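Please go over the structures that come below.
Look for chain A in each of the two complexes below; its partner is chain B in the first and chain C in the second.
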Partner chain A sequence: MTQTVFEARQVSKFFPGVKALAEVSLDLHTGSIHALLGENGAGKSPLIKIITGVYRPDEGELFLDGNPIALTGPRDAIANRIGVVHQERNLIGRFSVAENIHLERLGAFPLKPIDYAALNRMASQWLDELGLDIDPRTPVSRLSVAKMQMVEIAKALSLRSRVLLLDEPTASLTAHETDILFALLRKLRDTGASLLFVSHKLEEVQEICDRVTVLRDGRNACQSRSMEGLGRQDLVRMMIGRGEDAGRWTARDRTGNPVALQLSEVSTGLGHRNVNLAVHKGEIVGLYGLVGAGRTELAKCIMGKFPITGGQLRVGGTPVVIRSVADAIHRHGIGYLSEDRKQEGLVLMHSVLENAGITVWRQLARWLAALTDGTIRTKVAPFIEKLEVKTPSLDQTVGNLSGGNQQKISVAKWLAAGVDILIVDEPSVGIDIKTKAYLHDLLRQLSDDGTAILLITSDMPEMVALADRIVVLNDYRVEGELINSGQYDTMSHAIMDLIHRVEAA
Partner chain B sequence: MALPDSPASPATRQAKRPMARYFLTNEFGLAALIVLFAVLFGVTAQGFLSPFNLFALGRTASINIMIGLAMMVVIVTGGLNLALGAIGVCAAIFCGFLIQDAGLAWPLAIVLALALGAALGSINGWITVRSGLHSFIITLATMSIFFGAMIFLTRAQSYRGLPPELTSFGRIKIVEIVSPLLVVTVVVALLLAYLYRLTALGREMLAAGAKAEAAELSGVRVGRVFIICHMLSGAIAAVAALMLTARNGAAIPSMAGQLGQDWLLPAFLAPVLGGTLLTGGRVSVLGTCLGAFLVTMLTSGLLLMQIGEFWIQSFLGLLLLAAVLIDKSRRMLLDRSKLS
Partner chain C sequence: MSPGLSRIVRTDWFGPFVIALAAIAIVAAFNPSFLSPLNIQVLLLAISINALIAFSQMSIIAIGQMNLSVGAIGGLVAISFAGMMEVWGFPAPVAATLALALGLVCGLLNGLVIAWTGISAFIITLASLSLYKGINLGITQAQPFYGVLDAVKAFGQTNVLGPIPWLAVPTAIVALLLWYMFNRLPVGRFILAVGGNQHAAELSGISVGFTVTVAHAISGLLAGLAGILLVARLQIGQPTIGDDWLILSFAAPVIGGAVLAGGHVSIPATLLGVVIVAIITQALVLFNIDPYLVQVVLGFLILGAVGLNRFREARLERPAGRI
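Moving on, here comes the complex of A and B:
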């Protein structure tokens, strides 16, 4: 028997000049996984912040077990057993896994010695429950991104949350890890927990959620209804107000074009061995592999950030040695769109103009002549406009924009630089469906215009929707190469076969 | 959360800024404080507004501003340069040696002294970049090394036989109250403002300082840029020391205190008061100038009011602490008025 455990009734939240949430309602049942969907800017984060006590609603009320409550802050929410796993990881790198899991409770008695044995024992329990093989004494900084995510979940669980919010928990997980997570979420659901699942991946939402609330422009597009009878298209229509365009993938064969980027028997200082790879002009080559397969690392070696120790790298047919990233960009016309937008992609504290222009300053600079904002603006503004970046002005601080818009700026930077070869690393992490579809179109169009694109992504549907050929990397070696047929089922099987063939051997 | 605005276009690029935001800028606050204290001292301290005092004030301020700028150009990278006093003194003593013992013409000696400052600065930069350590520890070490080597080589000798062209530079007055040293400072400040606003190199310095990884992957040669920042710091420190030499009429090893440490307080006060972020990536040349000017004026006014020298040191320390705290709350206020 399910009952309503938490309810938000007609809540509104105002910011200066903006109504971020307008009379939004949501109710969570026990023993249920509830999806919260919406485009970036639809109001998901203000709603999450209200539920977790970060914001107070300007209008409307919250109810816990039918009683009105006013959360005074995040700690208050935790005390009421409302837990959250944030999209941004909130772990302290140098602390051990066990310490991080118990972080909220370590400070209770400042002078009492910490019983590490007990701490580790309790942490192991939660880790075991998640099926994680991690020593609780390991410093968090040594874990992979995916493992950190699981530790976050273990932490939220250890707080015995009755209501658990998961904000894009699978964004950095592999398919296998996602399966483990889902099995766990189902188990939690069956024990009566109430989960709120926020994700951009509709496949996952359909797989695991039983109820759904959709937000659009700060309002309910649908309020806490059952998932039954809702198809992907219905969800998309509620989110963006229109249907999703069907995939426009068409078979292309660009292998007749001249080779733009070629790796022959390349070994690197990071451990890649005998990598062979060619990207032709106007072609999108996918580089698929599980987390830790060495894809991003290979990209950084190509960019000259880390050394290539053996074999040969050719750009446009000429053998080259790239000593620095600046060389790769300015001399050889190779760009790299990083997977880690906040650390490696953008300078969040600087303006849109500075970020979009960083790759062209050197081109535009004339000895002793002033490089004015106007000059840079003339160069980058067309790309910002073309990509429909939503920003009040080019002087806006990039950190204040949404993830989708930030990603568009990262792309605009490389369009402005006019690179011939673009390495794109996980382009749609943390961006919404509309922007993702837009980016996909853009990448296809770019390649049609002659740019050679090397695409790194863990998102298999994205890989199949974009790539002409797919190279499978595993453990820093190339396992094989496939021509994309555009058929998701056959391609994903073929790719997984290539990866697991090795693991079985 | 996204902002519900239209796509950017050159037409909408001028964001509407509420007046409140303008009044919350550091530069405005400093200017207001300077006016406030000028009035206060003008009324209470005898002789504060006399032409001689204004001349002396401008002359001291010009040196303090230069010291602040020398620190600022490294703070941009998120680092700092504790050795700037030592570098400055080394350059000034070298200049004295070249003129007095080596018999070089003074303009040539000045150029070589500036080159020495830049060279010592680039040593700081090179070691910092190569080792990957924070410049705090590197410059702490080189401060002692540079100063110690200088004392050893010169046997702590002062150079007092400087040509009158050089020493009169510190004494002549333009229109009663303006020292030529102030002109030098204004020129250097304008050049730095030009560097940060209107050159690719300056923009690269800010980007690399704000987020080195992102800057590198966008094609900025971060290591080289950082070394240039340290080199610039050394050169500006040398300018400051030569200005001090001109004012004193002699190059003295103790002109910036033991190991050049007397310069550290003004060096940090000016950029921090001026709103340069200690973590790097944001800079205000005007703010640094105003900050240094405020500090100089406060010192001068308090001295005229016959408050003991030691109290002034404590007062300046308090000012630094207050500046950091006020800046923090100011930034929180600005953040809260944003939408994110």
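Moving on, here comes the complex of A and C:
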């Protein structure tokens, strides 16, 4: 019989000037996967932090097995067998898998010698239980992103968590890896665990969750109800307060346009071999592959960050050698929208103006010798406006804006630079549905205006919604090329077939 | 290459080890007196003290911070040690224990202030460098304490076995204890975990403040020990002790492949870093080269070591190497 393990009742959380959570409730059952949905800023993150003991609620109570509890910190939550797999990686790269799994346990006795043999033995048990073929002595930094994710789950499970919170666990996983993860989650559910699944991907939520709580503007849009009878549109309506615009994808054939970017038999210093790829003016070419297939790496080679060792790269039909990123941007008009906007895309401490203007400094300074905020403002402001960035002013610090707005500024930066070719890497990681739809419209519109776009994404629906053609990369080689039909089922099968044909061989 | 050999080649200490051997071979070939017992003793004396200075900084590098006050703590402990013997007539063991406790407290204060305020260690230890040095000068009026007891002088001058000086004994013990701590004790692993990924360490229930404080306390203790040994070696309590420690304290761990961002240090490699610096310093003396050039050579060594580490890390992080 299912029973309530954990309950948050009428919980509120205030921050200076903001009510982040207002009387939010949530209850978790045993043997259930419970979805927590909400747009960015809806209050998911404060709620998660309250459940995991990072924040204390200002109002309301938490109950475990019907008894009220007050969590004093992350360790206290762990002691109460509430486990978390956080969105960001929380492993120590140089430590072994076994040590990472047991890091919490070592905390109680700082001076008791560590028995590595026992640690490895215990870790093996958990890894076996999850069906993972990893040597517990391997340093975590040598694992793929997906395996790291599995190790984090093993870590949470090893604490015998009865409540396991998974914050966007599939954000960096490919479809295949996601399937493996889901099989695992179902297995856990069947043994009576209570899982709280936080995700932006509604397809996934519909696939594995049986109950759902939706937050909107810091309040419950729905509270712990069954998923039964809820369609995608219903979920979206609860999340954003209105229905979702239907996809407006239409087939386009831009292969008749002049070629903007062409790779012929390209090899790179990072290990790509004989890559052939062409992006025409006004076309969106998708680059799909599993994590570790070498997509981002290829983009960085095109941008001149890493060397191209063989073959030919043509921009607008002319063979070129790109020596540096500055070269790529200013001489060849290629922009790169980074996968990791916090690390590589934006200077979070700087203002909107400084971030968006960074690509045009050189262009403007050429004529004026000195930069003034005024000239940058006139150049940048139209794009900020066009993208509807929600910022109090151009002087606002970027770090204070939401993820979606940060991503818009990254795009604005390249629009301002006036690039002809834009490489877009995982544009919608951590972005909510509304912004994502908007971003998709924007990219389609950009290509209609003539920009050639190379799109890298692990999000299959996004790939199918945006690309005109899809090139499949595996193990640093091109496995094939598909014309996108816009039909999700046929396209995803065709793509996976291309990848698995190789794995089976 | 056999797997065993390849594993040895990949360890941190292999590179510095080869360089140290090569340096010994080259210097000895030009000047056989380099390997005389007297010269080995001189080398070991320098290595014993410099290794403690390097370990002191290494403990802080492990958490991804830096301690600019290593020399100031060492100097303050040194003059306190000598002063307690001269002015108050304390027996050597009591003076040494109290002086060591002072070093521990100095480090502890650094750590507590950093943990409480969250201000960067660079700033806090810059301030405490000035503070500790100022106290030192206030006490001594820049004059040395000469009243170092004979037992201490003897400890600093005699050998325990062959060319191995007594001063090497505490250093050897410290090296073993540190190795044990960083590899086997949770507290050592916490230091590396905080240095490797502070956020992850925190969410794993490790108290970052506690760990930072412990690391700084250890650093202070080791700097203090170096100061005491230096008093034994110099035979006087010089107020200038510690003034020239800073570059060396970073040079040896860096030559030994420590990651300045934190999370990775190696005791044997740091020790070898100290050995390399000592050999080169000694070689310059043997070949009658201007000793002031030592600084220049040290500068190039640091640059070379950092460059080499970058190259190594770039190779290790190749995506193809992942499983």
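To be clear about the criterion, the second predicted complex is superposed on the first by the 500 of 505 C-alpha atoms of A that agree within 3 Å, B and C clash if a C-alpha of one lies under 4 Å from a C-alpha of the other, contacts with A are read in each partner's own complex, and residues count from 1 in each chain.
Please note the rule applied: a residue touches a chain if its C-beta (ideal position, glycine included) is under 8 Å from a C-beta of that chain, and two chains touch if they have at least 3 such contacts.
Since the structure is predicted, the reported quantities are computational estimates derived from the model, not experimental observations.
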Combined model on chain A: chain C and chain B, fit or clash: clash
First, second, both or neither for A:Ser161, with chain B first and chain C second: neither
Touched partner set for A:Thr268, first chain B, second chain C, both or neither: neither
Touch count on chain A, higher of chain B and chain C: B
Touched partner set for A:Val325, first chain B, second chain C, both or neither: first
Chain B versus chain C as contact partner of A:Pro392, first or second or both or neither: first
Touching partner for A:Lys305 - first (chain B), second (chain C), both, neither: first
Chain B versus chain C as contact partner of A:Ser338, first or second or both or neither: first
First (chain B), second (chain C), both or neither touched by A:Asn405: first
Candidates 128-136, 164-172 or 254-262 of chain C: the single one with C-alpha clashes against chain B: 128-136
Residues of chain A at both interfaces, chain B in one complex, chain C in the other: none
Residue ranges of chain A in contact with chain C within the complex: 74-75, 78, 84, 86, 88-95, 99, 103-104, 106-107, 109-114, 138, 141-144, 147, 270-271, 292, 294, 297, 476
Chain C residues touching chain A - in the complex, by the definition given at the top: 180, 184-187, 189-190, 192-193, 196-197, 199-207, 214, 263-264, 317-323
Residues of chain B that touch chain A when the two form their complex: 1-10, 12-15, 194, 198-200, 203-204, 206-207, 210-211, 213-221, 281-282, 337-340
Chain A - residues contacting chain B, complex: 15-18, 20, 40-41, 43, 45-46, 303, 305, 324-326, 328-330, 336, 338, 343-350, 352, 354, 357-359, 361-362, 364-365, 370-372, 377, 381, 384-385, 388-396, 399-402, 404-405, 413, 417
